[in-house]
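Paired with subunit B in one complex and with subunit C in the other, subunit A is shared by the two complexes that follow.
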Partner chain A sequence: MNRTKASSVIALSAVAVLGLSACGGGTTGNNNGDTGATGGAATAGGDLLYLTKRPAEHLDPQRMYIGRDIFTTGRTVYRSLFQFPAGEKDATKAQTPIPDIATEVPTSSDGKTWTVTLKEGVKWQDGKDVVCEDFKYGVSRAFAYDVLDGGPFQYPTQYLDIPKDKDGSPAYKGPYSKKGQALFDKAVTCKGNEITYKFNKPWGDFPLAVAGLRVFDPYREDQDKGAKNNFVIFSNGPYKLDGTWTKGKGGKFVRNDQYDPKTDEGTRQANPDTITFEEGVDESIITDRIVAGAGNDANAITDRVVRPPSYSKVEPLKDQTTLVDSPYVFYLVPNMSRVKDVNVRKALATATDNEGWVGALGGDKAAVAATSIINPSLPGFQENPIFSKIPAAGDPAAAKKILTDAGVKMPYPIKLTYQGGDPTLDKAMGVIKEGWDKAGFKTSLDPLTETYYDIVNKPNNDSDVFQGGWGSDYPSAATVIPLLFDSRQLSASQVGNNYGQYKNKAVDQAIDKAALITDPIKAGEAYSAIDKTISEDYGYIPNYIQRFYFIRGKNVTGYEQTEATSMFADLGTVGVK
Partner chain B sequence: MYAYVIRRLFSGLVMLIVMSFATFLMFFNGAVDPVRYTCGKACGVPGVLERNRAMLGYDDPVPVQYAKFVKGVFVGRDFPDDPALRKSAPETIARCDAPCLGYSPKENSTVTSMLAERAPISASLAVAAFIMWIAFGVGGGIVAALYKGRWPDKLIVGTALIFYAFPTFFIGLFLYKFVAIKWELTPQPVYTAFTEDPVAWAMGLFLPGLTLALFYIAGYIRLTRSYVIEAASEDYLRTAKAKGLDKRTILWKHTMRSALTPLITLAALDFAGLLGGAIITETVFNYQGLGKLAVDAATTWDLPVTVGIVLTLSTIVILANIIVDVLYAVIDPRVKLA
Partner chain C sequence: MSIQPPAEDLSTDVVATAAEEVGATKIEGRTPWQLVRMRLRRDKTTMFILVVVLFGLIMGITAPILSRLGVLDPFSGNRELIDVTGGGLPLGRFGGVSWAHPLGVVPGTGQDVLSRLVLGVTYSLGIAVSATLLAIGLGTFVGVVAGYSRGWLDFWLSRLIDLTLTFPQTLMLIALSPIVVRLLTDRFGVPEGDIANGMYVVGVLGLFGWPIFARVIRSQVLSIREREFIEAARSLGANNRRIYAKELLPNLWAPILIYSTLLMPQFISAEAALSYLGVGIKPPTPTLGNVLRDSIQYAESDFIFFFFPALFIAILVLSLNLLGDGLRDALDPKADR
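And then the complex of A and B:
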C-alpha cells in the first residue's frame, strides 16, 4: 500500500520516482543473493539510526499514505486491528494479516459486515486503554478529508455504508463538523470491546486494507487538534516520540513504558532502545556515511537506494547490502482518444526497448524490465501472456511489420509526454524514442515539469503517450487495475488515474465481479485475467520495476526486508550490536 | 536625515505592496493547480478537489484572496477560515497572528511560524560565513595590497581565485564528503541552536560557513586590494606620508576609511542576501534554513510559503539598502543625502 502514496508521487514526479526507494516486492528469483543477510541475531539495546532524504509528509495515522512511513510507524508507535507478520520470508504469508489489537482476524459471510473483537490491556502512552471508541473515532477522521488531506480516505468513505450527496461525496463530513454524524454512527458501531463496520458492498480485502494502511487506526478524540497534529504522535506501540518531530530534520523514538508485549503477537521485537530518524540527507551522503561507518552511522539503515555512481563504493560491502524488487511498476500509457488504432499501440509496445531503459537507469541494480502492470509479488499474480512474449529489448522490425501490414502511414507521429527535469530519465526516454523511431514512428519527446499532472489530467490534451508509475495500496491487485483502468472515473473535466482514457465495458464489468471475490488468490487471478484483456487492447505498455539496492551499517542486526513492510527494513526485527 | 529615512521607508513600502501583488498574481494564476498536492492519488475521487479548494479558500478570485492576505498581515487570520468549523471544533483552527503571511496546507503550519523557525538557521549561517569572509577577504586584500606585486599578493589572490572558480555545491560536497565523512577531520555538520549548545552551534556552522565564505572571500580580497591600492594613491595620503605620519595611522585611519565605504555597501547587501537563505549550501548540508525552505516550497508548489519567502526576502533587501544608504552618509561625509 504505502506503496500507494509513493505512486501518487510518482504520478506527480517522475524525478522523485526515480529517487524513491520505497517498498519492494522481492520475489523468489528476483534477489541477487545478497538478500537474507541479516547481520546476525538481534538483541535488545543500542541506538538505531534511520537515514533518509525524503521527509515524512504526515505522521497522523489517518493521513499517512507512504509505505515507508506506514510500516515504520506501524512497527513502532501505531498499532491497528491487524498487521503483517515481521520477518516472514514466505511472500504469501508475509502479506496475510495477523491480529494486532484484534483478538483474531475475522471472516465475514457476506463481506459487508465485519465485527472485530479487541484485546484487553492495550494502552496509549498515557496509560489509558485503547478502546472501541478510539477505533471508531479514528476512521471517522477520514471523512474530514478537507481538513485532514492526503490520506487514503477513499477506502472508508467509499465502502462504509453511508449515503452519498449529489456530488458523490459522503453525507457524513467528519467529526469536526459532525454533519451526518448519525449516518456514520450506524455504519460503525461499538458494543463493549467489539467494533462492527458495515459496508455498502462486499469488501473481502478489508483485513488487508487495515493491515496495509493506517486509515483504520485508533485515534484519541481528546488528543485531536485536526491538521495541527500532523507531526504529533500519540503512541500505543513499543516506542513513543521523544520531544517533537521536525519535518526535514526528523525525531527520536524512545521506549514507551505503557506498551505490553504480551498483548502483541510477538512480531514487534522492539530491539533498539532508541530510534533516531534523520531526514533530508542526500542519497550519496547517506551511502558515504554508512560506508565510512563512523560513530552512530555504523548503526544506520536507510530507505534510499544506492545510486549508480556509488555502486563501486558499495560492492565490496556485500554483507551490508540487499537488492530486491520494489512494488513499483512503471509503464507507458497510450492516449486511447488519439492513438485509436490497436495496431499502432501494438507496434509501440513491440518496439519498446525496456532493456535499454533499464540500462539507462543504472542496470539490474536499479530496475528490471516489467511484463505486467501488476507487480509479481501480489497474491494471485499470473504472467501476462501478451507482454511476456515481447523481447525485453523490443523488436522494432516486428513493430514495423505490424504497421506495414495494417496500412499505417509512416512515419507515424507520436508525442511522448513525461515528467522531465532528470537527466537520467531524459536519457531513458531517448532509448524509447530510438526504438520507436526504428519501427516507423516519428517520436517527439515532451518533458514537462510541475505541470505534468495537470496536463495529463485534461481529457483533451494532445499527447499520444504518457508515463506513469504505480504501486498497490495494499497487497491486492484490486488497488491497481480498477484505479488505473475503470472508465467510470472519467469525466468531462478530468481523467482521474486513467491517464490513457481507457474505456472497455467488459473490463468495467469484470472489475465489479472481481471486487466480490473474497479469496485473495482467486481475486488476484481474476485481476490477472482483466490485465490480459487490457493488454489485448494494448491499453498500457509495461516498462520496468524499480529495484531497491540498500545498504545498512555494519552494526545492524536482525535486518529483514519482506513483503510485510513493502520491502522496507522491518523495524519489528532490526537491532544493533 | 530623518526626512530622507522616511522617504526611503515610504518608497520601500510601495515597492513591497507592488511586489506582493505581482507575486500573488504570478503564483496563484500559474499553470499548476496547488490543490492537487493535497490529495495525491485520491484527487480522482469525485468532489475532492472542489471540497479541498473551498476549504483552502483557493476558490475565491485572486483579488479576494489578496485582500484576505493583506488583511491577515495587519490583523491576523484563522485557517481554515470557516465559521462553522470554528464553532464546532475550535481546537482544529490554526490561528495566524499579525503579521500573518498565510498558511501552508502542505506543512500544516502558518508561514510566519515556519519563517521564524528557519530564520535563525539562515542567520547563523550568514553570520558564520560573514565573519570568515570579512576576516579572510578583507584581511587578505589588505595584505595583498601592502605586498602589491610580490609573492604574498600573488599567493593570496591566486589561491582565492581557485576557490572562486569552483561552484559552491562542489566545495560543499567536497568538505562534507571528505573533510567530515571520509577523513573525519571535523564533526558532521548538524545545526544546533545557539541557546542549546553554543559550542555545538559553532562547530556545526564551520563547514557550511566556510563553503559560503570561500565563494565570497575571493571577491572581497580582490576588491579590498584594489580599493586600498586606489585609496593609497590619493593625493591627500601622499601628503600625509610626506608630512611624516606613521604607516599604521595612514593605513587604518585614512586609507581604510576611504576604502571601506564601497566595501560596506557590498558586505551589507551580501549579508542581507544571505539572511534570506543560502539555497545551495543549506541543501548540501541539510540545514533547514530559509533557502532550503524556499527550494522545497518552489518544487512542491507550496504557494503561500513561496509568497511569504519572496516578501520576506524583499523586505530584508529593501531595508538593507536603506541602512546602507544611511551608513554611507555617516561614514563618508562627502556623500550628500539627495
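And then the complex of A and C:
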C-alpha cells in the first residue's frame, strides 16, 4: 500500500521530536500551554539562526516527509498551490488551506477532478515564470520509485487516475524512464495557467495534502538531476540557498530578488534578511546557547525540546519559552501474531503506567498521557471509550485479575522492543516493565539501535510488543488509522507501518467506507469509530502525546507556533530585533 | 616499598611480628609467601585498601540477596518523591537525600540511588572479574606456550599478540554488538537480555585484554626457562605438560596476581564507558555504567545524582589500582617504580 519509510514513522525516541511523518495539528485548540508570547511585532531585517540536532534528510520538495522540513522550506523557499495561513491563532483556520500560487482554493463537485488556476508573476530564482508544466513535472517525480525515495509518494500514486500494473504499482514509472508517460499526461493536464488533477476516487482532502506536504510542489525539469538534487534548492519563495547545503552542518538562506511579495498573501512575511540553519547541535547545547544568548544565539529558534535536566535553567526565561501539545502520539503495539489472546493484550493495556512514563520522560512539560492513537486535536475526534476508562497510572491488580481469569500461565513472558539509545526513554521503559511485572508479566526490555527498523519490519520477528509514534500527515485521521492498521499493507516480507500485524476485515472495510466521506468532521467521527473497534481488540496501547517545550533567543520577534506548522516555529511570521 | 610507614609504627609492628614469628636473634628461613605477608602487613595503605576492596566484594555478593529480600529496592519507582512539573527532578534538597534514600532518588522515576549503585557494583564487578579471568587465562596460556616453546610457535603467537593489540576494540565492540548478541541468543541459545549482553561484554573485554599480559608472561618464562631447576626437570625426563604446570606456573603467580588486580579496574571503567555508548547490559538493570549514563545529563541540574555514581566508580577503580600497586610492591620488591 503505502511506501512510507519505516524510519519516518516510528518514534526515533521519546525526545527525538522529528522522527515522524509530516504535519498535523488541530481544530479544537486543546493546547493548554502558553502559545501566545510572540516577543513583540516582527520587523524586517536581521539574521535568524535555526538550531537543530537532526539533519534534514531531504530538501528535494517531493522527497520531504518530515514536518519540520516541510514547514521551514514551505515558508521560505518552496511555494505550493495552497498553504496553511501563517500566525493564525484559531486552530480551525490554521488548518484551512489558503491560496499560495493558486488564485483560490477550488472545490470539486465529485472530489475526483480538481482544477486549479495559477497566479501570474510568480517566478523561479532565475527569473522564469512558475508555470503549470512545473507543477505537472513536480508531481510526476513521485512515480519515480527507482530514482527517488523518502517522500509521501503514496498520495499521488494512489489517487491519480493512472492504471495499475499487475503488481499493484502504477503503470507510469516517472519522468526519468517516461514509461507510461501518456497515462500520466491524461491524469494531470495543463491548459494555459490551469492545472487539472484527475483522481480515481473522491479525495476531499486534496487541498490539505497539498498544503501539508511538499509532494505536489512545482519542480523545474531543466534543473532536475534526480537523486543528486537531494540537497539542491531551486527556489520560488522569498529566500534562496546561499552556496550549498551540507548535510549535518546546514546552510544559509538569503533573500531571493526574483520574489514578488505582491503575489503572496498571508503565508510569508519573510522578515529576517538571512536564515542560517545549523544542524547537529545537541539539545542541551542548544538550550545552553540560547540561554546564554551570546552573539547570534540571541536570534536563535529551534525545533528541539528543552530536555528535562535543563528545565531549571530555562525556568527564569518564561517569556522566551513556549509549551504546546505536539501532533505526535506515542503508543505500544502488541505483536498480534505472538500475543494472540485478547485478554493478555487487555491485561497489558490495563497495567500500562502512562503516568509513570510521563514522569520518567520529564513530567508535564515533556508529555501528557494519551487515551487514543488519534490526536484529540484532529477534526471529528471522539473520546476513546476503551482506553479512557483505564486509569493513567494503570491498574496492575485489575490486570492480574484479567490474566488469572483467562487462565494464562504466569509469569507471562513479554519482550518489549523499542528504539534505544536515550537514557530517558530507557528509564521510561523501566516504568512500563515495573507495572507489567506487577500484573504477572515477565518483561524483558529489548532496546535496539541501528537495527530497530529492520527488526520491526520483519513479519516473523520474536518481539511481543513494539513502540511507535505517529503524527498525521495532514490534519485528518485519514492519515493515521488506515496507515497504521490496514491489514492490506502486510506482506510475507514486510509489515509496512502495521508493526503489530493487526488484521481485521471489518476494520479494512470500515477504512474503505470512511475514505469516501468528504466532510472532515464526519470522516473524523468515522475514524474514531474504527479506533474503537481496534481498541476493543487491544490492537495498540496509547501512551502519551509529546509536548513541545521550546526556547528561543531574546531578540526573536513575531514568534508563533500554530497548527499550521505542526506546532513548530512558523518561519512565516518570525523576525529578529 | 612505595609508602614507608612512620618509624614508630614500623618498630612496634615489626618487632611484634618479628618476635612472634622469628624471634629476636634466631636466624630462620622464611618462605616467599611469609615475606609477602609481612611486607603487606607493614604497608598500611595497602591494608586499608584491601579492607575497602573486601567491603566492595561483600557488597557485590550480598546485593542480589538483599534486593531479593527487599532490603534494597533498585527498581520500584517512588512517584511522590519527584517533581513532575520540574522535569522530574527529585523533591527536597540534595537530590532527594533522606533516611529512606541516603543517596537520593533517580530523577523521573524516584528509584533509590543507593540500591541501584549497590546492585550496580554486583553487575560491574561480575563483568570485570569474569573478563579478567578470561584475559588472564588466555594471556597465561599464550604467554607460557610462546615463552617456553621458542621457534616458529613463539614467532606466530607473538605476531598474534601484535595483531590483537592493533585491533580498534572499542569500535569493534560498538559495531559488532547487535550482531554478536543476536548470534549468541539465536545460535547458541544464550538467554536473551542481560545474560547475552553481559556475555558479549565479558567476551570482548577478555578477548582483547590478554595480549599485553601474555607478553609479560612470555618474558618471565623466557628468563625462567633458562634456570637450573627447569633444566633439572628436563634432564630427569619431565614432559612439557609437567614443566608448564609444576615448574613454570608456580613461579608466575606474582605477575598473574598483580595483573589481575590491575586489569580489573580497567575493565570496570571500560564497562562504564561502554554503557555510556549503549553497549552491554541494558537499563533498567543497574550496572555502574548504566547509572552513570543516566546521571551524566543531570550533572548540572541534579549534581548529587551525578556525584554518587561517579564516586562509586572512582572509589572502586582507585582502590583496585592501589591494591595492585601494593601487591606488586609486596610480591616483587625489586621492581622499579
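We adopt the following convention: the second predicted complex is superposed on the first by the 545 of 577 C-alpha atoms of A that agree within 3 Å, B and C clash if a C-alpha of one lies under 4 Å from a C-alpha of the other, contacts with A are read in each partner's own complex, and residues count from 1 in each chain.
We take it that contacts are C-beta pairs under 8 Å (C-beta built on N, C-alpha and C of every residue); 3 or more make two chains touch, one makes a residue touch a chain.
This one's a predicted model, so the numbers in the text were calculated from it and none came from an experiment.
Within the superposed three-chain model, A:R552 lies out of touch with both subunit B and subunit C [touch as defined at top]. When the two complexes are overlaid on their common chain A, residue A:L445 makes contact with subunit C while staying clear of subunit B. Comparing subunit C and subunit B on the residues of subunit A they touch gives the larger count to B. By the touch criterion defined above, A:K240 reaches neither subunit B nor subunit C.
By the touch criterion defined above, A:R54 lies against neither subunit B nor subunit C after alignment on the C-alpha atoms of chain A.
By the touch criterion defined above, A:K415 lies against subunit C but remains apart from subunit B after alignment on the C-alpha atoms of chain A.
In the superposition on chain A, A:R268 contacts neither subunit B nor subunit C. Of the two partner chains, neither subunit B nor subunit C is touched by A:R304. In the superposed pair of complexes, A:R68 makes contact with neither subunit B nor subunit C.
Of the two partner chains, neither subunit B nor subunit C is touched by A:R214. On subunit A, the surface patch touched by subunit B in one complex and by subunit C in the other comprises residues 284, 450-451. Against subunit A, the residues of subunit B that register as touching in their complex are 31-33, 36-48, 50-52, 54-55, 80, 84-85, 88-89, 91-94, 105-108, 173, 176-177, 181-182, 184, 188, 284, 286, 288, 292, 296, 299, 301. Against subunit A, in their complex, subunit C makes its touches with residues 75-77, 79, 82-89, 106-109, 178, 192-193, 278, 282-284, 293-294, 297-298, 300-302. The touching residues of subunit A, when paired with subunit C in their complex, are 284, 307-313, 315, 355-356, 358-366, 415, 420-421, 423-424, 426-431, 433-434, 444-451.
Residues 4-5, 7-9, 11-12, 57, 65, 145-147, 149-154, 157-158, 165, 167-169, 175-178, 224-228, 230-231, 246-249, 280-282, 284-285, 288-289, 292, 294, 450-451, 453-454, 483, 489, 491, 494, 496-497 of subunit A touch subunit B in their complex.
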